[in-house]
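Okay, so chain A shows up in both of these, paired with chain B first and chain C after.
Presenting the complex of A and B:
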């Protein structure tokens, strides 16, 4: 061996060590980038100005971000301030024009679920589909820039609640989510209702598929007709009678869905594998005589046209406008919304013939909406998503995160009855302990598959006060700043604080 | 406690790294035995200089490729990744010289590709040593391979064409 100088040896050794360290560090970044491309560990970019809210009370920008989204992330306040509240609302009402590539990346791994034809989903593991739908829903709420759209998807999912645990709903609920809820979330209520009535999942869940009149003495199944009037349109005090329920049930006889098993309701038209879950109309199982719904005549012989007549009658009813308006006001204004706001929103609903965008515009324009900051108690789903967004968390929405929702009783798509998760605060007050546990775990990176870059976030925002303001949507009060310093874990304390529980 | 799946994952990862390294070394030794021999001679003559040269040349190329995502513009990113991949392939071919050198000392009478295989098995086991192996020795080995390749200049000496012994005559 040719002798090497000591200097060469030292330089080579030091260089090799430096190279190893550089490769190690670069590899970490490389795998993070690859993960981001693959949709694992996606993080909202912390670019642009991250100026936190500067007002002492919740300003209109923070208020709109709190209500129209699942909570602002770092930089959102500055972004909306620069574009203006009206422009932001306008933008959110046109979700198809908003670039949502980050959310698409985060959910791309699960795209098989909604790209496959419904019939082929029958081959999927029935225990796998609902959890995937829950993860995707959570990821969309966290990462989507189309926040109002996601908020409305949550709203309609509760309004037209379907528990995937019943019958074939575990296979059909993902399609209901895509073709009914998401397709019409900001569209027209009439079309949304019609799509829901003909959704395979709804036909299973509320027994619409079993609503048949094959013999003169056969009684129609009233289950769906009752919920259609009580929960989906008129409301329990909407002015309908038991006779109306029976008449609507008669109108809807004959609609069924091809099932997995031959249970009698789709017996004669059992289809090949590819047609599983296809919705179809059985003329011989339909009551084609004349009916009278809410005082309006439905003539005999309309066949499947009866459904359109029913949708037209119930959607055009004043009680429906009021019922939907009140529910929207509860979601966006207060648990006990002022009558004046409900009336204004109901009027917009009626005059626009159920146009959801117009209705929401009217709601956001009410003075009652503007004067209601910080009085709504976040439901657990909203609380968890807002905490993740505010801390710019990176998550795969895996089991450890979902388990917090489960413990708080707000796992998406797991409410068993058709009325959906309660919208008002009273039901959720008992979840405080688990909210605090969640805040501690999140702040200390103790949730599997979920992480926050606390030091980097704090450095980018610039100060403790800035981070507190980002979380609270306003400048912290003296006692809040004091508690942040004294608690030893200011971030956890702030997420668990009463101010963050409200929006 | 780690999950069994995690243990199996890391086991498979180490096995894959071992086989990939071994495969490249044997292929290099089998295709370009003279070139690999000349690189092995550089390891005899000036291993420290090979390492130093490798650190200064191979290092930046690989680090740049791993950080390609931070570069501005797609063409620059593609160029950085391409440069890194080419550097890695050269480093693998160069480190075959180190494998051959080890193999030669283990069994001098074996043919050159066998020396690569024998030495490669031992060298591969060293490189997959947890933390120290894949965290330091692997990078140092590859960098020295790249440096030894540059020092041997196989493209000038014509050893790249001198691929192997003539095929034996058919009976």
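Presenting the complex of A and C:
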């Protein structure tokens, strides 16, 4: 922990270079005054009517809560029913207008990390930063009222995956999370892509920092250029060639990042920057001759402007609209989404020039979305968060909770390859045992730092059936009620049940 | 092939790769001592292994006496040693070198994980295990990899570290009943999981190891190997396992530090081999470490960080009884940097033929990216 004197000094002098996370900054002063006690979890308030879902099947309200959030908590169904599904979606698409003080309180003790300029983080304990990021991510997913925003942050974190285990990404992934993913999660895809291209962590992770052409015979590093098209925009069969990869790599030569330890690239480029992790462009390492990317001419002499041309060309490509649309449909509709839905979403993406809100609106309006309730298999992170939300758990998201994600191979920010965690069910079927054991441990309050008030919850909801319906998003089937009674541990059984693995 | 047939099809042809990582940089010049090299004794007047104390291998090399339990495997031609083994980076940082070696270069994710993804993209729940509190980097990104310290954790109600939830008597039956009502892959996944649990439950943790093998009960390393052997014998579909033995960083009073470790290493491996018996034919154990140690001993009866060390390949079909060099001799001008044994054999070139035997595709660029492989002839 850093001294408060230093924190204040940094906060006062940070100014323009400060890592800006408006959400955190706005509440920082308040919680410093509150003197948040370390190690105490928060709980969503159980106020208002907690009428559980009453339909025999998953109704449109439960469906939207299942897909647009990390799972409904007690009372969410009643709340969204009374405001109307359309109004709820509208609200979720404007997260900045949603009060999120509970989430701010849950994460306040970690806000140091967000209030330091990036350059100051180089001397942070490298083993501490990723774990803090993981905890904060989990806490936000559980407690934020801006649920769709958090869901989209998870989506883009996979799409632009960076493993903090590689090189300086340990120090720079938290900034990528704030300034790339969270800043643009519901913004514009073109801007998101451009921010990602110049993210210190991405420049490290996909070797963009080493993509230089200083001599005529020097070969650019193609790693980022290839993933830019294969994973971030057009998709692997999106119609680009090896030549396009080489041309994009040429366009991006010269962008680099000052390393924590100057290991050659930034040094030989005579960094004008002294800030650690500063991103800069060196004209002498840039290939400034003319290029041709996906059939479009990038004229000579644009210098750093090549980047904007590349972003424009790849984002405007029809394959990109289709690729992003399909990924969104896989997340929100089905593992094998119907072509008709993908086409509608791709069209919204193209006509809005990559506006993410517009694209999502179009997706939620498709009949394919409406007719897909209960068929998606929750990934482990979603499963755990939904169980905690459904049981109104209080948690500090400490090691014992995170270890379940580790066991299931779904710890946030630990997927090694740039393709992000797998999105579809097949990859995650082998995690059932750990889900069942998590259910048993949660229901019986055996997870350190995490607790549920079962008696109070049940009293407020009123009945076993009500608690089951809260978990399932519908009335339980006869066999589920039967199993609840016979199992001797109904709550654990319901969390472990097949229906609760889906959304 | 669905997962069910995969589990039950885990018969004689199932091959299991066990990776033993000696963390802390084990001294290859003690493990496999070049007792026939005069310079070795000059560089290490106090620490050199003496020919008369050691287990002779080929007249030039000898195993340190505490590794005597490996002698039968050597004599049976099932133990191959690669000397001057290590990575291409000259970092002498444990952290960096382990990471590079587990990742298979400056790639993200582990080489073992990439191998598993190549050979078995939709594995059963026990395809890869690490007998460790957390998943090691080498398995990072594996399609299904479980880390646990004891097999007991792979049970309904297991919480880790020997703790368990109380599971009501009817709970498993009711849970199973609900999953049996499913009609898609989820039902098969649940059946697979119950099957794996049953296979592990059927393992009697106190059963005597096969062929009167004796594991040291107080040794966690031997305990880890014993559990790997139990999984192999229970046919749970194990493709790969990772077991660590740490503590090799012998800057100071090296003998006191590493002699007990060598005893644990050799006795554990010998018990494992004896326990598995004929099933060693389909099992390979690779022993590796992040780098070796300085050739010259230091003033504190220890050795400092170096470069080349030794790797062991034990088991299935390997043409053993050999120390693969070359060994140009420990002449001062042959040494690297501050006086280190050079790396003649990149660890990838040792792993590649092993992975081939375990079903890796002939093109291994996805497993070891950006590296020009020259696999060593371990099986020829």
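We take it that the second predicted complex is superposed on the first by the 457 of 503 C-alpha atoms of A that agree within 3 Å, B and C clash if a C-alpha of one lies under 4 Å from a C-alpha of the other, contacts with A are read in each partner's own complex, and residues count from 1 in each chain.
One rule holds for everything that comes next: a contact is a pair of C-beta atoms (placed from the backbone, for glycine too) under 8 Å apart; a residue touches a chain by one contact, two chains touch by 3 or more.
Treat the numbers as computed from the prediction; the structure is a model and nothing was measured.
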Pick one for A:415: touches chain B only (first), chain C only (second), both, or neither. second
Counting residues of chain A touched by each of chain B and chain C, the higher count belongs to C
* Once the shared chain is lined up, is A:436 touching chain B (first), chain C (second), both, or neither of them? -> second
- Give one of first, second, both or neither to describe whether A:82 is in contact with chain B, with chain C, with both, or with none. neither
Ask   = Between chain B (first) and chain C (second), which does A:403 come into contact with in this model arrangement: first, second, both, or neither?
value = second
The chain A residues in contact with chain B across the complex are 1-2, 4, 8-9, 11-12, 15-20, 22-24, 26-27, 29-30, 33
Counting only contacts in the complex, chain C reaches chain A at residues 3, 99, 103, 106-110, 113, 122-125, 127, 134-135, 137, 140-147, 154, 156-160, 163, 165-171, 174-175, 177-179, 181-182, 185-190, 192-193, 196-197
In the complex, chain B touches chain A at residues 44-49, 51-52, 55-56, 58-59, 62-63, 66-67, 69-70, 135-136, 139-140, 143
Chain A residues touching chain C in their complex are 163, 165-167, 205, 377, 403, 406-407, 409, 414-418, 425-427, 429-433, 436-437, 440-441, 444, 446, 479-480, 483, 486-489, 492-493, 496-499, 501
